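Encoded as structure tokens, the structure appears first; notes follow it.
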Amino acid sequence: LRIAAAADLAKALEDLTAWHQAKTQQPATVTLGSSGLLARQIAQGAPFDVFFSANVAFIDNLIAQGHGLAASRTLYGRGRIVLWTKAGGILPPEGLADLTDPRFQRIAIANPDHAPYGLAARQAMQQSGIWEVVQSRLVYGENVGQTLHYAQSGNAEVAVVALSLAIPTPGGTWTLIDDRLHQPLDQGLMVLATSRQRQASEAFVAQVTSPEGRAVLRRYGFVQPGETLDPALLERAHGRLPR
Amino acid sequence: MIDLDLRLHRGAFPLTVSIHLAGAATGIFGPSGSGKSSLLHALAGLLPVDALRLVVGGEVLVDTAADLTPPAHQRRIGLVFQDHRLFPHLSIADNLRYGLRAPAGRGPAWQEVIDLLDIGDLLDRRPEHCSGGQRQRVALGRALLAAPRLLLLDEPLASLDRGLKRQILPYLRRIRDRWQMPLLVVSHDLEEVLSLSDELLLLANGQVAGQGDLMHLASDPARLELLHDAGLVCLMPGIVDHHADGLAWVRLTGPGHAHLACANCTAPVGSPVEVLLHPDDLILARPPIGEALSLTNRLPGRILQITRSPSRCLVAVDLGADRPVLAEVAERAITALGLTIGDEILVLAKAQAVQAR
Amino acid sequence: MIDLDLRLHRGAFPLTVSIHLAGAATGIFGPSGSGKSSLLHALAGLLPVDALRLVVGGEVLVDTAADLTPPAHQRRIGLVFQDHRLFPHLSIADNLRYGLRAPAGRGPAWQEVIDLLDIGDLLDRRPEHCSGGQRQRVALGRALLAAPRLLLLDEPLASLDRGLKRQILPYLRRIRDRWQMPLLVVSHDLEEVLSLSDELLLLANGQVAGQGDLMHLASDPARLELLHDAGLVCLMPGIVDHHADGLAWVRLTGPGHAHLACANCTAPVGSPVEVLLHPDDLILARPPIGEALSLTNRLPGRILQITRSPSRCLVAVDLGADRPVLAEVAERAITALGLTIGDEILVLAKAQAVQAR
Amino acid sequence: MTPETWTPLLLSLEYASLGLALAMALGLPLATALALGRWPGRDVVEVVVTAPLILPPTVLGYYLLVALGRSSPLGQAWEGLTGSSLVFTPTGCVLAAGLAALPFVVTATRRAMEEVDPRLLAAAATLGAGPWRRFRTILLPLARRGIAGGCILGFAKALGDFGVTLMVAGNIPGLTQTAPLAIYDAMLSGQDGRAAGLAAFLTAVGLAVLWLVNRWARPQRPRDGAT
Amino acid sequence: MTPETWTPLLLSLEYASLGLALAMALGLPLATALALGRWPGRDVVEVVVTAPLILPPTVLGYYLLVALGRSSPLGQAWEGLTGSSLVFTPTGCVLAAGLAALPFVVTATRRAMEEVDPRLLAAAATLGAGPWRRFRTILLPLARRGIAGGCILGFAKALGDFGVTLMVAGNIPGLTQTAPLAIYDAMLSGQDGRAAGLAAFLTAVGLAVLWLVNRWARPQRPRDGAT
């Protein structure tokens, strides 16, 4: 099985494929990338079986163009964004409003022009009224992974990244951003129309959407609408809820 | 043997040569910058020409008017360059081998060429590890071994000493005769040229300033200066008659059976040689003269021609040989001895001043 | 004037030279590959040496033993290369200007050099658009204009015709005298060398095979052959006494006040000249001799030395000039005339065979 | 070292080598034509060959993907011929590597050939050597160092190509995931150690190859300026 | 054309030019030392300089970010000195461009200098020219074409640099968003038309610059092989 997936799924898919392989003896390889690029490759006939997008819009587009099986379209979770700060450095922000403090000289977000998490970050900043102040301090990562690197390497005091990335990344503390401040980050997957292993693919998708699968996803912060995050998980991963 | 019509220009310099060369070899000389190298390069196909027709031994090699313009590598015209142009990345042996053709004796033999040019020790070296003269010899060898139909030599012996020159020149003559390889030789040294050929081509400013044998060229006062700059000499063919007292006696070919004594000639009896005489070494005398002179040669002859240029007088004397000798004498001596055309006269020369080879 | 101790090796070729040179100029000759170029390059600082001590005019320029080894550009030793080495990206004018030093008359003047070498027309060209001889002249000019303390010339005139050589050589002599610029000249042409210097250095196989003036070198039968390969000549200093009948009469310097007639000499009366005599042009005679000869010069002298090599005999005759003349005669003539050392004798020469410059 | 580490490295070396071979196969004749030909527009062609350097690789890769993709005429012709597609296969990797190397091969070769003394070529012609023989025995050996220099840079570039390979070949582990892609992946998935290890390895192997080629192309002895 | 289109192009040209200048300032002396020096390890140094070609740009960019970043000693020293950081500023763009150009400048210059006939340098020495004058008047002019060739490639590479600039300079519109970044962003955000337009423009401008340099560095007349 060849799985193409948005970069923020790196860890979650590692667990999922390992678990799936243990169960079915079927190996699966994962190609990570930006959802936008992967979608373009799939439109050009890339030989993947399953596509996990960070933005369900890409899935809908591909299905509309006939590159995906409409029946396989599944929302596997809703993304959240967090304020990530390197541990042991400056005092972490307790919420978005704190970003106006001059100790945050550089704030990294993903490029809002094309990265869903970046767009969400911008919406949240605008919504909470700090956009005008922080705009000149922003630096833009190509994707959430790179955005996180800015903060990890100490070049940005804080980065707005995906919760799914913050959870498995050691060395930092983070604060969840209220999801009412941005439009929902609905994340979807599909089986490709060109897949040569359609049954296996569908079986894999079924596994992922099974309760056990969802539990794995939830461990990385992918919750379904209405679900809440497990506080113990937050605790373990040095995260906290906004003030 | 060679017909040649050429027009070209290099920048502002035009070169026009239109000649018929009868001999198997022709010497080309003229002042620096007169177009000698350009002529050779054009014949070899290395220079764009305005018009060129080249006929060698009846075969039309190039004719731009008839669109017969084979590229250089199909002309089989060899060229020894003024700057040797050895291939820097190849050993001397590989340089020599580069143009090697027809191992089955169609041209000069490998070992022969190497021995002649004394380059056997260099074969494994790179050109950069050879001296200037060594490179020049290798370049000559490389051209010879390619066995061309026509061989062009651009000052092939310029930085070699006389010893080496005297060794190489007869060999070139042999090449010319044995392989019917016509030669065009550029040189600033008339002695060098004449030992290969009777026929001379004199260039000046991209024009033919004179053509023909020495006698003919020397008959024109204007050309005499140019000839002098190239070192005027006479060459006479002959055969070694006998040796005596360390001297070789040479019988000049021709009706007169004139005999000349040469020092420093070790050619065996019966072998053909060329005798080289410098006009300013020859002394004219009216008989009789005394014996108390270290002068071995005393040849009777008749005055054929007297050429006077502002700075010198040249007297051509018929010794009954194939061609006349030229003697350069003072104006004053012509008056004192009362020399006129048709006079019977003695030509005197030291045996040491006569070279045979 | 120059003291020189050198040891080096190039690959398997060792060169060892240890000499004292008294004159302002020295001619270096020897077979191809004997180490002439290597010697010059080592002096100029372009070759790694095993040991070198060079003293010019009392000044120690290089001494490896004392760790005095200035790099080439600080030696102020000029070198005219066997391959001209013009800078391809610079015009001829810029090439000439490259080493130009001391515009305030410390060395040869710009216009003078350009006129002498006849390169005025080339100034705007690139070297690639010049003929071989033109490049050689520019290279010479470039070295002259750099006004070095010592000038090394590696076959500087090899591909020039005699006319140009005869024009350039006296100028080099003037350079040497006027700017006290010592010269070391490599040449395969003894005539060229001797017109610049009395002192000769003969190299063979990387060793000094002989050193000194011509007379000295010629006294050794073994070296006679090498001298001959280089074109044996004698040079005698003199002063133009008067002109008559198109001949210049030159009084040789020395106690004897010997007078010689030369053709083709236009130097004004009173000017110093060098008279060039070819040993094989000189005729020895026992007086009296007749008048019916086109022979103008009849000089009395005394035999100083007779050298016999297997192939030639050389007789040195004292004419009462600064140095003796050498005459090459046949063994047979020596016997016939019964020549022995100390004999009074006449030396005969045609005016045409005598060159003065 | 696990095969997980080795595979991308080996793939990289393989594709970079094949890519260089492809670039040389196309580039050497082109460069020769540029160096020796007298046709107009030569400079324009050379400059166009360097164009791939200027565009962001991913963008270039995308355009390439569209041009060679499975729905393009070229891609379909190839697929009809060989049964496998040009893109998302090792072929795509080789194409990407070749494209990365091409500018270096072409410009260096052209320049090196133009530096060869034309007088030596003329001399070879008078010795009877035709164009092909002159090319083989004089031009190529004397231009060797310059060409090798271009190939070295080209190989390095091919080895390090990321954006074009990513787009055209698709980062499929074990098939088209070359070392640069694997390093990037490792970094994305937070395996910084693996990324650093792979990067160090790739650099070391790449540099070793370059160093060897460099040695081979360099003259043995230094030349002095004498004689 | 809107300023939105122009700004990245102008920034790109500016940073690429400055980057090339930086690469030349560092690279020419280094290359000279490589070409003329006799010290051991020269080849190793040259090969190390080419290393940036081999690593995937984003990875390289990350390492650079760590090495020059605001919390690194180097970055802090610079910030103390100038008051502004090395990264996320135009300085970062210039650094990235310089790093992209350096391998080309160094390798091409070294090679071109080594091709210069040492006999001409020897001749210049006998005419009294010291090392510096020989360098300026003989070595540099004769190596000019090769050096220009390297600079052309280097400039192209600097102009097209994506990954390193992205990491080090932070893609800030109007400040550090160079043309390649803008093209990439436009493409990913679905503005295919704008991406294609920018790409065409960048390529055209870049190639025009290259073509001019190329013309300048090339000899006027073709040489024949005669005389």
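Read from first to last, the chains carry the letters A, B, C, D and E; within each, the first residue is number 1.
Methods note: contacts are C-beta pairs under 8 Å (C-beta built on N, C-alpha and C of every residue); 3 or more make two chains touch, one makes a residue touch a chain.
Quick caveat, the model's predicted, so the values are computed rather than measured.
Participant: Taking mean CA positions as centres, which chain lies farthest from subunit D?
Facilitator: When every chain centre is compared against subunit D, the largest gap points to C.
Participant: Where subunit D and subunit E touch, do the two copies share over half of their residue numbers, giving same, or under half, giving different?
Facilitator: Same: when the shared numbers are divided by all numbers used, the fraction is over half.
Participant: From the centre of subunit B, which other chain's Cα mean sits the farthest off?
Facilitator: The most distant chain relative to subunit B turns out to be A.
Participant: On a C-alpha centroid basis, what's the spacing between subunit C and subunit D, in Å?
Facilitator: For subunit C versus subunit D, the centre distance works out to 60 Å.
Participant: How far is the middle of subunit A from the middle of subunit D, if each middle is the mean of its Cα atoms, in Å?
Facilitator: The answer is 37 Å.
Participant: Mind checking the centre-to-centre distance between subunit D and subunit E? Centres are C-alpha means, answer in whole Å.
Facilitator: The mean C-alpha positions of subunit D and subunit E differ by 19 Å.
Participant: Mind checking the centre-to-centre distance between subunit B and subunit D? Centres are C-alpha means, answer in whole Å.
Facilitator: One centre to the other, that is 57 Å.
Participant: Can you list the residues of subunit B that touch 2 or more other chains?
Facilitator: 10, 37-38, 41, 46, 82-83, 131-132
Participant: When you check subunit D against every other chain, which residues touch at least two of them?
Facilitator: Residues 58, 62, 119-120, 122-123, 125, 187, 223-227 of subunit D touch two or more partner chains.
Participant: Find every residue in subunit A that makes contact with two or more other chains and list them.
Facilitator: Answer for subunit A, listing residues that touch two or more other chains: 37, 149.
Participant: What residues of subunit A sit close enough to touch subunit E in their complex?
Facilitator: 34, 36-37, 106, 108, 111, 113-115, 138-142, 146, 149-150, 153-155
Participant: Using the touch rule from the top, collect the residues of subunit E that touch subunit D in their complex.
Facilitator: Subunit E residues touching subunit D: 38, 43-44, 46-48, 50-51, 53-59, 62-63, 103-104, 107-108, 111, 114-115, 118-123, 125, 145-146, 149, 152-153, 156-157, 159-160, 162-163, 180-181, 183-184, 187, 195, 199, 202-203, 206-207, 210-211, 214-215, 218, 222-226.
Participant: Which of the residues in subunit D end up touching subunit B in this complex?
Facilitator: Per the touch definition, subunit D meets subunit B at residues 119-120, 122-131, 133-134, 137-138, 141-142, 223, 227.
Participant: Tell me, which parts of subunit D touch subunit A in their complex?
Facilitator: Touching subunit A: residues 58, 62, 65-66, 69-71, 85, 87-88, 166-167, 170-174, 177, 185, 187-190 of subunit D.
Participant: Under the stated contact criterion, what part of subunit C meets subunit E in this complex?
Facilitator: The touching residues are 41, 44-46, 71-79, 81, 83, 85, 87-89, 98-99, 101, 128, 131-132, 142-143, 146, 148.
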